[in-house]
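These notes open a run of structures that come right after.
Both complexes below contain chain A, partnered by chain B and then by chain C.
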Partner chain A sequence: MSREPTDGPDKPIQHPEYEKSPMDRRTFLRRIASATGLVGTTGYLSLAPEDWPFSLKDRTGLRSIPKIRPFRLTDFQVAKPSPSHPDVAVGRGGSPTEMLRKALDTLGGLQHYVKPGDIVLVKPNAAFDRAPALGATTQPELLEGLVRMLLVDCRAQEVRVADNPIESPPDCFEKTGIRRAAEKGGGRVYLPDSNAFKVLNTPGAKLIENWPFFHRPFLNVDKVIGLTLVKDHNLCHASMGIKNWYGLLGGVRNQFHQDINEIISDLAIMMKPTLTVLDGTRILMRNGPTGGDPSDVAPGDAVLAAVDPVAQDCWAFEHLLRRDPNDQPEYLAMAEEKGSGQRDWRGRLQEVT
Partner chain B sequence: MSNGDEPLLPLDAVKAAEARANPLRRLAGLLTSQRVRKLLRLTRVRIVSQAFFFSAFLFFCWATWTTRMEGYPVSRILEFDPLVMISTMLSTGYVYRYLGWGLLVIALTLLFGRVFCNWICPYGTLHQFIGWVFDIYKGKQSFERNRYRDLYHFKYGLLIVFLIMSWMGALQIGLLDPICLMYRSVATVFAPAADMALSEVQNAGVHAAWLDNLKFAPGVPRRVFVGSFWIGVLITALVGANVVIPRFFCRVLCPLGALLGAISRFSLFRINRDVHACTDCNLCLTRCEGAADPQGAVRVSECFSCMNCIDDCPEDALSFSMVGLDTKQVKPAPELGRRRLVFSGILGVLAYPFIKNHGTNTDENFKGALMRPPGSVEEHEFLEKCIKCDQCINACPTNVLQPATWEEGGLESLWTPVMNFDIAHCQLKCNACSEVCPTGAIKKITVEEKMGRGEFEEAGPIVLGTAFFDRGRCLPHAMEIPCVVCEEVCPTSPKAIQTEDVEVKDAFGKLVVLNKPYMVPDLCIGCGLCQAECPVKDERAVYVTAVGESRSRDRRLLLKDRSRES
Partner chain C sequence: MAKKVRPRRKNPVFNDFGRRKLLRKSIPTVEIGASLACLAFLVVAGGWTLSQRDNYDPGERDLDIALLDTEPKQLYTRPLARWRDPSQPIAETRLDIAPFPDELVEGGWAPASRVQTFTNDNLYEKINGQAEQYVKFGFRELSFLILEEPSGESVDLFLYDQARFENALGLFAEQRGSKPLLTRGDLLYTPTGIGAIGMLGHHVFHLIGSGANDVVMSKTEQVLDSLSGLAEASPAPAPFKVLTQGLGLPLDRVHYTPINAFQLGFAQRFWFGRTTDEGTSRVFVHWAESDDAASTMFQKLHDAQQGELELVTPGESERHYRHAFLGTHYALGVAGPLVYGLEDHPDPDQAVTEVARLKEIVTTSELGVRPGVPSSPSVVPTPAPPAPVASQSDESEGDYGDYGEEEG
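Entry: the complex of A and B
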């Protein structure tokens, strides 16, 4: 629009910038069209029936309820090299890492279970801020040995070490020595923050059919190995290989103490690990699962590796915690019922010295 | 160069050729050249200094974390703050640990004036930056708003009130001391916000390890800070005020600036105006940070030594030089009349009984929620030392440490650290908060000392409070449902929570074994792990209150520890 020159001897009283501009037809039509378009679109989006495309209508209020799509874990198990191999192997004699190697070799060698290029997750027990000697958390040197075997012997692509401790995660990983050991061996530690959890669906589980699970470290994981120790437990009598998976749960998991046996047997079907390693060199005999006094810890001479965690736990309860097999924790029978293994280890176990 | 007979060169050219030949002279020539001098002028150096100290501040905030802290002097900027030194010296009579370093800043001020405000202070840098970004004023307005206003004497009055209160024993400088305010705001407002943003990036599917390293608090659930909304509102309002009055906080409120201003009247260097060269164009006011009237008689106590006026003077009439050029062109002292001095003195004397007689934090009437971090000195002494910088809260790996709200102990303990066991527990083998405390409100302790091991066997562990059961809400006690999470997690050995095992028939006729928990107060250290893990989430069936804390004789519970009797 052109502007009339207003400077002059007899300029109007109005402000010099003022200018009259009646709306032309084109502008008028454009405005009408855009107003109609805007009203039409919003009208369609908000008023069209729910099944029409792009409709945002929520007649009952049900559409806006957030939908959680749970994920599922794959079965990480690997078949034994031959049926004649044992399901549970006990290595004895030498350093913990040597015992571990003996046990793994008896099962057919770690290389059979972990292939080159695999991403492996190792789940230690880092639940408490305790020195390793107190027998409440996974031994760092055994973890380092395992991580090294995975990276060097099996040529795994990546080894991840993850746990969701009860106490402060950074402190637990630091002071149990687990972070240092994992990183020294070449692994990467995953700490849980509130965004690291996703709802996991476990078919057949009674308490945790859909439950928040420490998901982030499990992205693209091929193999899972549990690495924990044998501990007394105030409520369920013994915390061993299966109970270790508790450390991957999120949410209000402290409610599970109301039915501890059910939850542990649920864990046995939630996680089907490639291997479970049980460290029997430091056994927490009482005051579990936290311990805190060196006199609660008994020295042992065994490291177990197993493809059947139920049988492994049964043997450990009897031979490492030295308890009467008749007092066996209830959850073992329940886990057998749910089909995650067999309690009777006789004939399926081999000891190597 | 032509071949054959060379023409005779002029003298200048010979010198220039010599200079080119001698590398040292070449360097000297380069350094004094107009271009380089313009590049290396004082304001540029100042910006580098500001950037350095601001980054150092952010780095220290980031490094204040359980896995990073070792070796870094993360509270050093607080320890260099002379107001922290002077006010805690007034309230306690002593100078704690590194606080003597504040003398360095005082010495610097005696040399160059308030350089701290515009060369070092991270809060000043933030203000200047925000003021620069949102500067919308042009022409005359841009310098009119930098003229001195009568309002700017307010900070001196405030300083006097704060110092008198400190001397009488109520340390409140932390409310407005810029360094405390900055640390507190980062710890409770900006750090969790930054972590939240990084988590969103991770949620979007980026799982690089450096994202975790960038976080202020990696690998823990989202941190929350009770009442931090108001801390955020305060800093946002103060920084936002820059749009109305540039450097509003620094000119009007800052008690540290007031202290340095009062000292800077004795400074050796200051802005000097050559009245013969000056044409009274007022351009020196355009970017004057301190509103120090460089166009007239320079107010030394207001001047931040930002050097902008030297840059802006078209006549080169201003210089930063030794005093004594023209004493008539200078107002060295703060403009605070005798009347105002007396008035603020009276306010300071009044404020002390007002605060102390509020009465929500005496040894007879104190809140159970007023539980202090491990290593804290006795409450009365604590309030004489805590400057509310919230470094302890930033260092805490579990998020148990929270800024106190008005609820726990009124204004006096507002934003001081308290433990909230509904949010988390106090990590047994952690002494991070005591490591970072700059004033000794939380005195430096070792893990041994905290746990009462080794040479501290005699003294026993540090007790933060005592746990109690609400048997009407406890699942095994009230409802015959097995639980005992509290007993499982209790970290003392032997456990302070023990159980009585009974077999009962529940309401549905099923036989259940109940481990009914009970408390052994002699063994309880008040770490709060039981409360944090109790599944009765709203009002916990087991909860810790302050009574029985070992730092205070008057807030103790048990006459003797039965576990130590042989």
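Entry: the complex of A and C
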């Protein structure tokens, strides 16, 4: 290995093109300041007490817990075409779909409430894996008719059908016939899974102010329609339009049965639907909510559509379940107090045959 | 000091001055426009991305509904089976469907899955909203099984263990209401259009078919037959048999009062039977733990009624009374472990006749009641079941075995 010649024995060996570039004082100070600033900032961020500004110290680990930011549901209500239109309409005579159409037309027409291009969510009651004949779940024929109306008459962009039954959701949607009906009508079924829930904030709610909610199918939704049936309920005496929203809650929701009237009145302020449709053609008169005997199901001749679910439930309790109005479920009065509607349906209801 | 000039870099292609410097004196307008367009596009794309945030199409993340129609994927391949001598008969492997009888899976019917069980802690997962009704009547465990047939028909079997006969009776009465009641041995049931509901011992069962057709109803009949064969394992308590089989009272008139019978704190586990459709007259039977306990109960009842009742016919084991103000007839007797009697009967002669008949029944052995022989009231075990809240709060008698009671 050859070496470059040097001037003397003490001179370092350098590349011939090496150019000495001594650091001047200003450069030195600048670099020292930069290094000091970097070390100081890093030290402050990591060592400063947790309550100091910008401190990243996390001795307990609590600061690292992800903050859950609840979302809020929008108000899906649509004003009536005119004050002269009723708040609750009862359609009678014909097939369930025909009765539904009569009721909707009386309210001002479905086209008034759902505009072309809207994404509509329909919430049926698919709570149990029971045959539709047992009257524990929404009647598939009526669901199919409603989905078809939304897509054909209103030219909705998409109709979503969603519910969160506690039993196996695929089994429930299959056995109740709701999946087939929804898809036959042109809608799409959304099944819940563990990632489909988000914490919903409902101001004014006592039990579910912040509670997991079946959120995924509600993304970008413009209108919400509840489609359920009228049935006896072991705990709250009657399960109707307002109680139907219980099926959107997640978490360990069975604990609410300890205070079922409060939770149902909370549901009334949680969801402000565009419309609520009640199927009065198949009424579970006793042994609800699960049923199990077709003889407990009484045939009826009414389908209701309403913009006031409280008034609608009051009428259905008296005329479809045929119960004494003095024995109204407590949650109806509580829902009225919370501003979800008015119990007195007189003068605000119209029947069409 | 002369300024030092840096040597030129050896790369002459690009910027050979060694520092950033625009070499062109002018930039074409087209190039400026294109750059601005690219910049604007990047700003718009970035803004759109930020505005979308988590606002995705939910369809992208939802479970595909088509999965319901597809064949299940095989996630596990069973290892090769041990070699078997082909000359030996192959033993059939069947799912264990206990507590249901094995014979239910014959005739092409097969279980859709293993038997699912639910307890107090998770009953709501199966019958949310209805679970409290079962819990109110001492629910212990639910066994659930789906039987399927090749044609696609199915029958769901719900077997609720209510811990005690009285609990099952009360629950069944509440669910049955006024529907017709049939018996098949000790099996009580009410047919529904697509199955049946009923009770057997301390169990309440629901059979729910997939539809109202011959296949389902035939299977329902077979299930009822199979269940009735299990009756010996959980017989009805003797007082219940005395009233229903001995006196022949219709089940609608049978009541069970777990505590506070006659509004007396010590009077527990009494069975009552209304002798007529109208009126308040009724007979009663109590099965004590032993003959001595029965004698004690007999004496306590006698002492407690001294204020309002006048003793008409005294006796060691049977006494007759008359109400001091109403004039109605009362009787009280003891035979072995059984305490029996009659209350509030308007006709003294007829009352005597009815009590004599009752005594004859409880002293015979046909119903498994043998006075003097140490009884085995294990079918009515202690402790007392949790009584239903509604009936306990309003009335002193919690007769949740009332067959004729209608719900409000």
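Following the convention adopted for this analysis, the second predicted complex is superposed on the first by the 296 of 353 C-alpha atoms of A that agree within 3 Å, B and C clash if a C-alpha of one lies under 4 Å from a C-alpha of the other, contacts with A are read in each partner's own complex, and residues count from 1 in each chain.
Just so it is clear, contacts are C-beta pairs under 8 Å (C-beta built on N, C-alpha and C of every residue); 3 or more make two chains touch, one makes a residue touch a chain.
Here the structure is a predicted model, which means the values were calculated and not measured.
After superposition onto chain A, the partners chain B and chain C occupy overlapping space and clash. In the superposed model, A:327 makes contact with chain C only, not with chain B. Legend: residue contacts after superposition of the two complexes on their common chain; A:353 is shown touching neither chain B nor chain C.
In the superposed model, A:286 lies in contact with chain C only, and not with chain B.
Looking at the shared chain after the overlay, A:254 reaches both chain B and chain C. Judged by the touch definition given at the top, the superposed model places A:194 against chain B, while chain C stays out of reach.
Judged by the touch definition given at the top, the superposed model places A:42 against neither chain B nor chain C.
In the superposed pair of complexes, A:183 makes contact with chain C only, with no contact to chain B. In the superposition on chain A, A:133 makes contact with chain C only, not with chain B. Of the two partner chains placed around the shared chain by superposition, chain B and chain C are both touched by A:174. In the three-chain superposition, chain C clashes with chain B only at 57-65, the remaining stretches of 3-11, 57-65 or 291-299 being clear.
Overlap of the chain B and chain C interfaces on chain A: residues 128, 166-167, 170, 174, 188, 191, 193, 195, 216, 219, 233-235, 254, 257, 287, 289-290, 292-293.
Residues 7, 55-59, 61-63, 65, 67-68, 124-133, 175, 177, 179, 190, 192-195, 197, 206, 208, 210-212, 407-408 of chain C touch chain A in their complex. The residues of chain A lying in touch with chain C in their complex are 19, 127-128, 130-131, 133-134, 166-167, 170, 174, 179, 183, 188-191, 193, 195-196, 216-217, 219-220, 233-235, 239, 254, 257, 286-290, 292-295, 327. If you check the complex, the residues on chain A that touch chain B are 128-129, 166-171, 173-175, 188, 191-195, 216, 219, 233-235, 252, 254-255, 257-260, 287, 289-293, 296.
Against chain A, the residues of chain B that register as touching in their complex are 65-67, 199, 202-203, 207, 209, 212, 218-222, 397-398, 424-425, 427-430, 475, 481-485, 487-495, 499, 515, 529, 533-535, 537.
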